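Letters A, B, C and D mark the chains as written, and numbering starts fresh at 1 in each.
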Amino acid sequence: MSRLSVKLPGLELKNPIMPASGCFGFGKEYANFYDLSKLGAIMIKATTLETRFGNPTPRVAETASGMLNAIGLQNPGLQSVMENELPWLETFDVPIIANVAGTETADYVEVAKTISTAPNVQALELNISCPNVKCGGITFGTDPVQARDLTAAVKKVSNVPVYVKLSPNVTDIKEIAKAVEEGGADGLTMINTLIGMRLDHKTGRPIIANGTGGLSGPAVKPVAIRMVYEVSQTVGIPIIGMGGIADTDDVIDFLSAGASAVAVGTANFVDPFVCPNIIEELPAKLDDLGIGQLSELIGRSHRL
Amino acid sequence: MIIQEKMKVVRQTEIAEHIFELTLAGKLVGEISSPGQFVHVRVSETQEPLLRRPISIASIDKTLSQMTIIYRAEGRGTKLLSSKLAEETVNVLGPLGNGFPVKETSEGETAVLIGGGIGVPPLYELSKQLKAKGVKCIHVLGFQTDAVCFYEEEFNRLGDTYVVTVDGSRGTQGFVTDVMAGLETDFATYYSCGPMPMLKAVQNAYSDKKGFLSFEQRMGCGIGACFACVCHTTNNTEHDYVKVCSDGPVFPAGVVSI
Amino acid sequence: MSRLSVKLPGLELKNPIMPASGCFGFGKEYANFYDLSKLGAIMIKATTLETRFGNPTPRVAETASGMLNAIGLQNPGLQSVMENELPWLETFDVPIIANVAGTETADYVEVAKTISTAPNVQALELNISCPNVKCGGITFGTDPVQARDLTAAVKKVSNVPVYVKLSPNVTDIKEIAKAVEEGGADGLTMINTLIGMRLDHKTGRPIIANGTGGLSGPAVKPVAIRMVYEVSQTVGIPIIGMGGIADTDDVIDFLSAGASAVAVGTANFVDPFVCPNIIEELPAKLDDLGIGQLSELIGRSHRL
Amino acid sequence: MIIQEKMKVVRQTEIAEHIFELTLAGKLVGEISSPGQFVHVRVSETQEPLLRRPISIASIDKTLSQMTIIYRAEGRGTKLLSSKLAEETVNVLGPLGNGFPVKETSEGETAVLIGGGIGVPPLYELSKQLKAKGVKCIHVLGFQTDAVCFYEEEFNRLGDTYVVTVDGSRGTQGFVTDVMAGLETDFATYYSCGPMPMLKAVQNAYSDKKGFLSFEQRMGCGIGACFACVCHTTNNTEHDYVKVCSDGPVFPAGVVSI
C-alpha cells in the first residue's frame, strides 16, 4: 500500500486527490493534459434523468479569490452518460464517483439505480446542494428530514456506496450531516457552493443571468474547513472535503480538519495541472511534516 | 496541442487609449494553428484576480516564437496585465478553440473582414494569412471614437481599410454596416469579430454570403469542461448548444442563435 | 441637501459611508489620519455591560481575500464608553451608531437603555450575530423567535432607533429579517461575519486560539450582496450594507443591491484612508453613471 | 506622525537563506522616532494576500530618506515582497509603535542587546544609536543555523558580538542564554527582540536588571483600533492588557505577562 492511498466505502484510492463534480466535465478535456489514471478518482458532472441545457448565460462571474457559477446542471442526460461518457472513462484506471441530481425523489432514484450499475462507477455523490436550479437540488439539502429520506431512498436502489454532498447554506450543517448518516449515507462530500451574487457596477444588474450563483474557490476555504472540522467530529462516516483547494498545503489542511480525501474544483480552471501537481508534491510534503502514511494526518486538528 | 506556459514579455505598448499591445515569446506559439484562436491569460500569480482572461491572438511570428495580443485594459485583470514589463513572465494557456478558416477563401477571391473594437485584433493575423495566400482583403473596422482606434495603418498595408467611428471622430461616422452598404458585393467570404449586435447586423446584411463569426462569452475553464460558455444553436431543439471556448470561438454564420 | 446625503431612521447622513463596528475602535486611532466629521456616521466597537478582555490570542488570521477574527467583543464596558469614548467623539460632527452586545436579554436591555441616552448616539446596532462569543451573540441571530423578542425588548427601552445586525450563518436570512422587523426594528445592518477556520499547515491546529473566527473582507462580498438583495425585497425597513467593501464600486454595488448606506470594516486595516477616499470619489462616480442623487441607486438591481 | 506612502525600492538583496534586506526610500523615514518601531507593509496591490505584514525597521538613513527592513520570506506575503525589484514601489504604513528607549542607557554605560532570528534586525539601528551616544554595546545573536545568520560583521563593527546557533554550525552551539551566562554582569541595561521563549528566558536570566523587550503578535490594523494584538499584563487584574502594535512592540521587562 502506497503512503498516499486511502480506503473509503466503495473506493480504493491511490491517492486522496480527485477533481470535483462540474469542474472536470466527464474528463475528456483534461485527458489532453495528463493521464487520468494518475487521479485518486473522478467526480463526474452532475447527471440527471433527461438532457439539460441549464441556465441562460452569463453563467460565471469572478469574485475576490473566487467565482460564481450558475451552470444549472447542464448535462447530456442519464442515457448518454451511460452510453458515451462512462465507457470512454473505462479506458483509464480510475474509479468514478457519479454525481446524481434531480428535481424530485423519483428522478434521483432512477438515475442512481441505473448509473450505479456502470462498471467503473464505484460510488455515488448525491447532489442535494446545487443552488442553481429552481426546484430539487438545494431544497433537499437544507431540510434534515428531506435529506434523510432522499438518502434512504437512493441507498435502497444503489449498487454502490452513496456519499451525500452537503450545502454550506445552512444554519447548522451538523444537523443535516447527522440526518443523512441516519438515512444510511456511506460518506459525505462537502462543501458545495455558497449562494452569492455579483452586480455589474455600471448597470446595477446581476452579472449572472440567473441572478444568484454558487460561490467557490479560495474565498470559501475557511468556511469549508470549519464545516469539515465540525462535521467530522459529529458523524462516523468519512468525508471527502472540498472548497477552495488550490495547492498541496490546502490538501493538508482539509485532511487535518477531518476529511479522508479531497476534491479540487475551481482550481482546475486556473491551472489544468493542479491535480497531478498536488499528487506529485504530496510525498515531499509528508516528509517535511515527518508523516509516514497520509492517513495519519486525518483529523489531526481535533487531537490535543 | 494546448499547453500552459510562462511566456516571456517581449514588449508591451499602449497603442491607443487603454489599448495595449503585448508581445509574448514561448513555445506555445508553435502550437497555433489558425487565426482567431485565443489564449487564456493569468493576469497575476496571486489568487485575486482568480480566473484567466480570454484574449485573441492578434498576430504570430513563428520564426521568433512570438505572438502579439491586443486588449483593452478596462477591468481589474486586464489593468494588472497592462503593468507587466519586458522580461517579466505571463502564465498563458493556449492556443484555444478553433479560429477562422483561411481555406474557405481561395486565391484570387476577395474577403471582407469586419471588426468592432476589441474584436479587431484577430482579424489582423487572418488578413495577413489571407493576403499571403493571394486573397484580396477589404477591412471594415468600427470603433467608438478616434482615441481608441488602432492598427489602421497595419490593416491598410494589407488591403483597403475603412474605419468607422460612432462619433465620427475618425473615418466614416456610424456603424460598420453603414460602410458595408457601399462595398462591392462580389466577394467570396466574410469574417467578423466584435460585439454581439454587430455580429447580428453583419450576418443579416450578408445573409446570402458565406461567413464566419467569432463569438464572446464569459468563461471558466476555456477548454470545454465547465459549460460556462455555451450558446444555443439555430437548430431549434432546446438542448442543442455549442461551447464558445472549444467548439468556437469562430462559427460559420447561421450556426449560433443570435 | 447634498447629492450624497441619506436620511434613515434617527440618522441624517452627509454621505452613506461609515466604518463598521469593531474595525474602527472608538475612532481615536483614525482621527490621526483624517477628520472624523467627514464620515457619514461611525459604528463604534461592541459595548457590553461589563469590561471584557475577549478571547485569547492569536485573534486574527489571514485567508484568501479575507480575514478571520475572534476578538470576542473586547471592550472597556458600558460605563467607560459612556464616560470616556462617547464624550470624546462629541468633538466631531458625526452621528454615532452604538453596537450593543450581551449574553442575555437583560444585558442587552441595560446597555441599550443607557447608551441610547448619550447625546451623540443616534441609533443602536443590536449585535445578535457575533460568532465569537460562547453564549449570547449569534444564538439570538439564528433563531427568529429569539431575534424578534430581543429586538422588541430593546426597542422598548431605547431612546433612539434600533438597527439589528444580522448573521449570514443561517439557512434563510429573510426569515430572521422579517422576525426582527416584526419585533419593531427600525432598520437592519448586514452582514456580520461568516464562521470560518484556518489551520496551521505545519501543526494542523487552528491558528485562531478560539478555534473558529468570523470571516470578513472582499471574499464574503458576493454572499453579502446576495443577502442584501434578498432581504431588501422582503422587508420594509432600510438596510445598512456591509461585507467586503474596499472601494467606490463596491459601495455602488451594495446600494444597487438594496442597501441605503454602507459600512466598511476590514478595508480600514488595509488602507486607513479608505472611507474618506470613497467619500471623495463618490460624486465623480455618480457622474459617470449619470446619476444625480445617490438615493436613485438604491435597489436599482431589483428594477426591470 | 503615521503616514501611508508608496515607498520606492532602492535595492533588495538576499543576505542569507530566505532572508531579504530591503531598502526603501520616502518621507516616512523622516517620521521615525526610535529604533524598534515597525512598519506595516502591503505586499501586493491585489486583494490576496489582503493584510499588511508588520516588519521592524532595521536601520535608517535620514539624510537619504532611506530605511532598511530585514525579513524572512517564508509565507505567501513575504515571498511576494521578496520579488520586488528596484524602482518598484511598496505601500507602507508607519512608523508604528514605540521602540527601544535609547535614553535609558547613559553615555559610558554598557548595554547588552540580545536578538533571536528575525528579531535581530531592529537591534541594529538600536546599537548604532547607542554607540553614537557613547554606550558600549555587547551583542548576542541567536540563529537556527549558519545558513540563516546575517549581519554578524555589521554588529561586530559596533561592538563585541557573539553568535549562537542551535546546531553549532556557526559561533557557539546552543541558545542565547548559554552565551549570556558567560558575559560580564556589570551592564546597565538590556534590550531584546526575538521569539517568546527567548524573551522569557532573557527576562528570567536578568531579573535584577533594567531591560526592554520587543513582542510579536498577529495583527489586524497595526494602529490600535482592532484589538487583535493584545497581551495580558502582569498586573493581575483580568482585564488589564496592552496592545503590541500601539503600546509596544517594546515594553519594559516585567510589564507583559509571558
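Operating definition for what follows: contacts are C-beta pairs under 8 Å (C-beta built on N, C-alpha and C of every residue); 3 or more make two chains touch, one makes a residue touch a chain.
Quick caveat, the model's predicted, so the values are computed rather than measured.
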When you check each chain against subunit C and subunit D, which touch both of them? A, B
Given the contact rule stated at the top, which pair of chains has the most C-beta pairs in contact? A-C
Could you give the separation in Å between the centres of subunit B and subunit D, each centre being the mean of its C-alpha atoms? 54
Compute the distance, rounded to whole Å, between the mean C-alpha positions of subunit A and subunit B. 36
Measuring from the mean C-alpha position of subunit A to the mean C-alpha position of subunit C, what distance in angstrom results? 34
Separation of mean Cα positions, subunit C and subunit B [Å, integer]: 46
Which subunit A residues touch at least two other chains? 63-66, 217-218
Going by the contact rule already set, what residues in subunit B reach two or more other chains? 47-49
Indicate which of the five shapes (line, ring, star, complete, other) describes how the chains touch one another. complete
Subunit D partner, complex, touching residues on subunit B are 44, 46-49, 80
For a test of understanding, state which residues of subunit C touch subunit B in their complex under the given definition. 64-65, 218
Which residues, counting only subunit C, touch subunit D once they are in their complex? 22-25, 28-30, 32-33, 45, 51-54, 57-67, 69, 71, 74, 207, 217-218, 246, 266, 268-273
Subunit A - residues contacting subunit C, complex: 63-66, 68, 142, 169-171, 194-199, 201-202, 204-206, 212-213, 215, 217-223, 225-226, 229, 244, 249, 252-253, 256-257, 289, 297, 300-301, 304
The residues of subunit B that touch subunit C in their complex are 47-48
